[in-house]
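Each of the next two complexes has subunit A plus one other chain: subunit B in the first, subunit C in the second.
Now for the complex of A and B:
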C-alpha cells in the first residue's frame, strides 16, 4: 500500500503551542533523545489513525530556516535528509504574518505542508477573525484551524495529515516574489545544473535562493557534494556582489524583506480585526513583573520559591525515599557474603560501594523531579524571558547571558544548590559562548555537598567568627565566578559563536498539569538513564583506586594478632558467666551482627511504640542474644553485655584503622603523597590530598574520607577534635586555603557527565574538570603562601582575599565588552 | 516634522516607524525573523530595571533587545502616543 506508515514532522516558531499539538496527537507514546552532535532535544512520538501508523517528530521551534543556530540547522537537515511524508506547520493564529514568513521558507523546500492555525481561541479573544478558506487558496496548501488546549480540531488535523501525506500537491503552492533578485535566482539555477548534479538531490530553486542569501551550511553542502565547487561558489560570490552593488542592499536582507512582503500580501486580506480590546492581561502582568523595583523583587520571590520547593522541600521528601534506597542496600547486603571479625570479603565491599554510589545519586531524584517540574512551569508560563530581561545587563558584562540566571540560582548562588540540574538547565541559552561560560562556571558555585567541609573547618578554625566565615564562603563564590567567566570569555571561548540577544517576550500562558508533569518525568528519566550508567562505570574505577594494592601481608598479620588479642580478652572477661557456649566461634560473629542490627534499627525510630515493636521482633528472633543486648538485672548478662560493648568498640576501631591504612596504601594514597610537592604551597598534606581526590566521586565524601584518615584516637571523639589534635601544625590559614580549594573544586562525576551532555563534547568536560583544579591550587597557594609571608592570621587573610576578589570582579565588569558581531 | 534616529535612542513610551536595518548577517537576520521590518510601527514599552535591554512592541507582540543591537535599527520617531 505504501501509505500505512507516515512520517510527520511538526515545525513552527517558538511559543506557538507546537508541543501542545504534539502531546495531543501522540498522547503518552513519546520518546526523547538528542540529535547527534548537538544538544538539541529530539522528541519523537506516534499515533494510529485508522490502520495507519503515524510517526511524529517534533522539530525544535525556530523563527526562520537559516543556519545560524543549531535548532535551525537540525530542523532544516531533518526536512532535507529524512524527507518526511508531510510537515505540519503549527502557528499562533494571532501572529499570522510573522508565522507565514516561516511557512514560505518551508514551502521553498518543496515538501507537502499543512498549515495548522493553532490558538484560534486566543486570536478570537483578541478580536481577530481569520478567513481560513481564503488563506488556503492564497497559499495553495491545506489550512486546518485548531484550538488544541480547548480540545478543538484534532481530528480535522489528523484527517488532513492522512490526505496530504506523500501526495503530489493538487495545486502549486504560493511562491515568494523576489522582485529584482528573480533573474539572479534563475541564472544561478542554471549554473547549479550546469556545474553539478545537486539539483537531483535538493530542490533547485531553494538551493539558488540559499546560495544568494550566503547561507554557510548550504555552501558547505556544495563543497561536500560537488567536484567543481570552486567554480560554482565563485559564480555565487559574483552574483551576490553584483546584486549588492546594483541594489545597495545585502542579498540576505532583500530575501527576508521579500518573504515578509509576501507574507503580508497573503495575510492582510484574510484577517479582520474588530476594535482593539484595551490592554491585554500579558501587558498588565508585564507592568508589574518588568517594573524597575517590583520586577526584581518579584524575581527574587520566584527564585526563592523555586529554591524552597525543590531544594528544601525536596530534601524533606528524601527523608521518605531514603529508607527505600537503604532498604535496597540492606537487601543487597543480605545476599552478599557475611563479613568476618576484621576481614570484609572484597566482593561485599565492591557491591556495597556500587550500591552506595548509585544510591547517593538516586537520592536526589525527588529534588530533581520538583525542580524540573518548577522549571517546566516557568518555561511554559512565559516567565523565563522576563527573568533574562531583568538580569541581562548585569550578566552580559561578564560574558554571561540574561538566561544564565536560572542555572546560577540552581547551582547555588548563595549556599546549597546542585550543579547537575543547573548545568542541565543551560540548554535554553541561545548564545553558544555564554552557554559554555555558564556551564563552565556553575561547578564553582556552592553546591550542597561542599557545605559539610565548610562547616567542619569553620567550626574548628573560625569558631570565634562563624558568622563572618559563613558569609565569606557563601558570597565569595559569586566573586570568583564572575571574573572567571569574563576571563574564559576573553580567552578560550573568544572564538565561540555569539548570538544576538533579541528575543520574543511571549504572552503568558497558564501551564497545564499534564504538560508540566510530563516534562518533569521525561527529564528525570533522561537523567537517570544517562547519568546512572556512567556513574556505575566510574564508581568501579574509583573503587579500584581506593582498594589496591591494599594492606600488605605483614601488616595484615599485625591486625590479625590484635584481633586475636581482643577476642581472647573478651573470652576471659565472660569466663564463668554461663554464656561462653553461646559466644563460641561462629556464634560470636552472629552475636555481633545481632547487636549491630538492633542498634541500627533502634537508632532510626523515635516513638516508644515502634521501639517496643523492634524489641519484640528481636526477642522473638533470638531470646538468648536479646537478653545480652538488654541485660536487665541479671548480673552475668550484664557482665557479658559490658564485655561485648568493649569488644564491639575495639572491633570498629580496628576496622577504621585498617580502612585508613588501606587508603594510605592505595593508588589514590600514593597519588596524594606524590602531589605533596605541589600542594604544599597551598598548605595541603597528603591526607588532605587524598580526601580531595576522593571527593571527585561526590563532594560529600571529603568529610567521610578525612574521617577515615583521622581515625587514630578514640571513636567517641568528634572529627573536629581529632582533626584539631591530629594536625598540630594546621592553622586557620591552612583551613582557609582548603575551603577556597573546595569552593573552586572540579565538578563531581554526575556534573561532569551533565557538562558533557550539555556542551556536547568530551573536550569541554575535561576542560571543566581541569581548569578549576589549577585555579583552585593557585588561589589556595596565594592564600597560604602569601598569607604566611605577610604574617596574616586566618581572618585577616580572609578579609584581604575578599577585598581582592571584590576588586577583581568590579574591574572585570569594566573591561570593555566585545563589539557587537556585525558585518 | 520627523527626525531619523536609531532605536536605542528612544525613550519608553515613544512610537516610531522602522526605516531600515543597518545590520546584516546573524543580527540582521534575527531582527527580521522577530518581525522588525521596515515600514512597520514600533513602540518602546520600557527599559529593563538596569536600563538595558529594552522591550518593544510590534504588531501586537513584544520583543526584548539590547541597546547595542537596537543601534542597528534606523527609525523615524512619531512622538509619544
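Now for the complex of A and C:
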C-alpha cells in the first residue's frame, strides 16, 4: 500500500448511477464547489477504509474525453494534472459496449483504472449475463460489479480501490488497435520526443493519438508547453493530411471507429443474453412515451404532477413547518436587547432581520425536499432524457435546451411558480450556454409572489376585463422569456459553450425508495449549508441600504414628543384606579411586553386545557399584570385594560410611521428619488420607485409597501380604494406599465442567491439582478410613453403589446437556430 | 408550424394553473380579549403585512355573519357572536385559513 491517503476520481457517462456510487462511498461527507471559470460543479467527499483516508472526486458525467464541452475538459484536465491515485470508471452494465468507448480513452491516459459495472440488477432484469472475469482479463484491469441502489458491491469496490490505488499494474491494459493509423501514431510519438519534452509531462501515446484526432485543447497544450511548437504542429498537420489522403477518411472518424470496434471486440464474448424474444419493456414504454401525440400528453401529465406535488403540496406542508421557524425567531428575539416604547435597538433590528431572511429561505425546505425527490425519481427512472428530447425542438430555437422544461415549469410558465427551486433545478442542463440562459430568464416567469400585485392592479384598473387582463399577464411572461433568451444567447452568452443535443435514452428502471430519498435529503442538506453564508452577506448589505441614514434628529424629536403625549394621556386615563404605581417608569414597558407575550401564546393554543395552563403560568409570573390582561369584573382593572389597549395601538401606529419614514430616508429611498428622471417615462413616481426597490427583499412586500404609501386615508378603506384615490393621476396605462415592470422585475433575494449558487459567480448574479431592471424600464416606458403618445387606453395598449410580443417571439424562433452546434 | 403547436399545448396546460394564486405561507390566529370581543391577526411567513386581506365571520352552516378587511396593522377586532362561529382569513384561493370559535381563547 505505502500510502495512507488516496485520491480517487469517479468518471463515467451521465445516467450510469455515478452519483449514487459517490453518495454510497462518501455518505454525507461532501463538499461542492465550482471548477474555476465554468459552471461545472466539483463534488468532493471522503471516506475511511481501514486506516486509509480516501478523497473522492466526482467528475462530471461525459460521453467522451474530447474537448467539446466544459464537462469533458474538466474531467480530462483533472485526470492529467491532478494525477489521481486511481480512477473508478462507473458504467451502466446494461450498456457495456457503448460505455467501453469511454473506458478506452481513460486507459490511453495511462492511469490505474477500475471498471465498476454498476446497475447489474438492471442488466440481469434485461436478461443479460456478464462474465466479469473474462472482461477483466480482456481489459487487463480490475472489474467490480455492483448494484449500489440495492446496496450491493460497495465493500468489494472499496477493497479494489485500496488494492489498485497508486500500484504498478500487474497486467498491461488492453489497447485499441488503430490499424492503418498505428504507424502514424508511432512516428508522431518519435517526433514529439525529438521536438519537445512533453513526453515527461504527459502519456506519449495518448498525446500522439489526440494530435492525430485534431483535438484543439491538446494543440493548445502543445503551444503552451513547447518552445518549438510551430514545427511540431506543422508535422501533425502533415501527418493528418497524409492519412486523410491515404485512407479517404477523417482521422478523428477513424479513431472513433477503431475505438468502437475494440469495445465491441471485448464486450461481445463477455455478454450472454437469455432467449427473451420480442420487445423489451423499455421499448414498449417508449412507443407510448415518445409517441407523437401520446408523448406530449404524458409529459404534460408528468410535469403537472411534479408541479402539484412540490409547489402546491409543498406549500401545504409549510403550514406545519413554519411554526418551527417562528419558534426559532422567538428564541432569538428573547435573547436580544429588549425594545423601548419607540426606539428599537439597532442590534435587535439587525438580528431579527437576519433571522427573517434566513427563515424566508428555510421555509422552502419542504418544497425542495419533495421537488428533489421527484427529480431524483425522474432521473433514476430514465424518463428525464425523453422529456428533454420532446421539448428540445421548440426550445433550441430560442437558445434553450430540452432540459430547460422542468425549470421553466417550476418557475411558473403560466401563473404561480417559484424561481428559487426553478433555478436550483437548472443543474442538469448539460450545455453551458443554455444553462445560463435558462437561469437568467427564469426570474421573469410568473412566480407566486408577483400574483398579489397583479390581482391588486387588475381589480382597480381592469375590473371590467378581469379575464382578459389575467390571461394577458399569465401568458405574456412566456412571450417575453423566449425572445429575451434568444437575445441573450446571441449577445452576452454567445461565447459560452454550446453542446450538441446528445442524450442517450437509458433503459427504464424502477427507482428505489432509498435512492430517491437519500438523494433528496442530500441535496436539501447541501442547499441549507450553501445558503446560510450567502444569505447573511446579502442581508447585511440590504439592511444597511434600508436602515441608513435613517430618521434625522429633528424628526426623532417629533416622534419622541408624540410618544410623551401618548404616554402621559395614558397616565391621565388610569389616574385613581390604584394601578398607577404598577405602571410607573420602566414597569410600563414590562407591562406591554407581558401583554404581548400573553397574547402571542394564547393565539397559538387550540384547546381549553392548554389555555388554562397559560393563564396559570402568567398569573404566577405577575398577578397584578395578569389582572389587567384579564380584568374580569373589576371596574378599575377594566378601565386600565381599555387604556392599555389604546396605548398599544398608538404605539403600533408610531412604529409603523417611523418605519415608513426610515425607508424614505434610507439609501434605497434616495435611490428611488434619484431615479425619477428615468422612471417618469414609465409613469413611476418616486414613491412607486421606493416600493419597487424595497420589493427586492421579497416581492410580496411590494404589496405591503404600496399599501403603506397610499394609506393616508381612513384606516378602514381597502388598499384598492386608497390606491385609486391616493394617486389621482394614475391611469390603467400606469398600471399596465407597472405590471409589466413587475413581470420583468429583478429576482428576489432568495432567487439571486440561487443564481449565484448555480452559475457559480457573483458576476452572473449581478447581471441577473441588473439586466431585468433595464429591460423592465424599457418595456414599461414603451407601454406608458408609447401608449400615451398614441392615445391608447390601457386595454388597447395591452392588446398592442401582446401582439408585438407574440410577433417578436415567432420571429425570434426563425433566426438561425443554434449555430456552431452542427460542427 | 411545429413550435407554434407546442406553444399552444403549453398554454392550454397552463390553464390548469390559473387560480392557484398564493404567496408564502399565510398565518392567521385569534385571541379572546376577555371583554366579549375577539381580535384576529393575519400575516405571511416572510413577514409581509396582510393589511387589506378579506376576513369573514361565519356560522356553523357557513352563513356569513360579518365581513371586513384586516386593518393597517393586519388586525381585525369584532364582537364575539352568540352562536357557534368560525373566522375565515381569505387571501385568495389556496390561501384560506379558518379558525373555529371554540379554538379561540
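Convention: the second predicted complex is superposed on the first by the 624 of 823 C-alpha atoms of A that agree within 3 Å, B and C clash if a C-alpha of one lies under 4 Å from a C-alpha of the other, contacts with A are read in each partner's own complex, and residues count from 1 in each chain.
One rule holds for everything that comes next: a contact is a pair of C-beta atoms (placed from the backbone, for glycine too) under 8 Å apart; a residue touches a chain by one contact, two chains touch by 3 or more.
These numbers come from a predicted model, not from an experiment.
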>> Quick one: is A:613 in contact with subunit B, with subunit C, with both, or with neither? Answer first, second, both or neither.
In response: neither
>> Contacts for A:603 in the overlay, against subunit B (first) and subunit C (second): which applies, first, second, both or neither?
In response: second
> When the two structures are overlaid on chain A, which partner does A:296 contact: first (subunit B), second (subunit C), both, or neither?
Replying inline: both
>> Between subunit B and subunit C, whom does A:475 touch in the aligned arrangement: first, second, both, or neither?
In response: second
>> Quick check for you: in the superposed arrangement, does A:394 touch first (subunit B), second (subunit C), both or neither?
In response: both
>> Quick one: is A:63 in contact with subunit B, with subunit C, with both, or with neither? Answer first, second, both or neither.
In response: first
>> One more residue to check, A:95. First (subunit B), second (subunit C), both or neither?
In response: first
>> Between subunit B and subunit C, whom does A:260 touch in the aligned arrangement: first, second, both, or neither?
In response: first
> Overlap of the subunit B and subunit C footprints on subunit A, residue-wise?
Replying inline: 296, 393-394
>> Could you list, by residue number, the parts of subunit A that touch subunit C in their complex?
In response: 296, 300, 303-304, 307, 312, 315, 318-319, 322, 325-326, 356, 359-360, 363, 391, 393-394, 397, 412-416, 448-449, 451-452, 455, 470, 474-475, 478, 599, 602-608, 611, 629-632, 638, 641, 649, 652-653, 656, 698, 700-701, 703-704, 707-708, 711, 715-716, 718-720, 810, 813
> How about subunit A: which of its residues touch subunit B in the complex?
Replying inline: 63-64, 66, 68, 94-95, 97-98, 101, 126, 250, 252-253, 256-257, 260, 282, 286, 290-293, 295-296, 385, 388-390, 392-394, 396, 402, 499-507, 820-823
> Which positions of subunit C touch subunit A when the two form their complex?
Replying inline: 2-4, 6-7, 9-11, 13-18, 20-25, 27, 29-32, 34-35, 41, 44-49, 51-52, 69, 71-73, 91-92, 94, 103, 105
> Which of the residues in subunit B end up touching subunit A in this complex?
Replying inline: 21, 23-35, 37-38, 45-46, 48-53, 55, 59-66, 68-69, 71-72
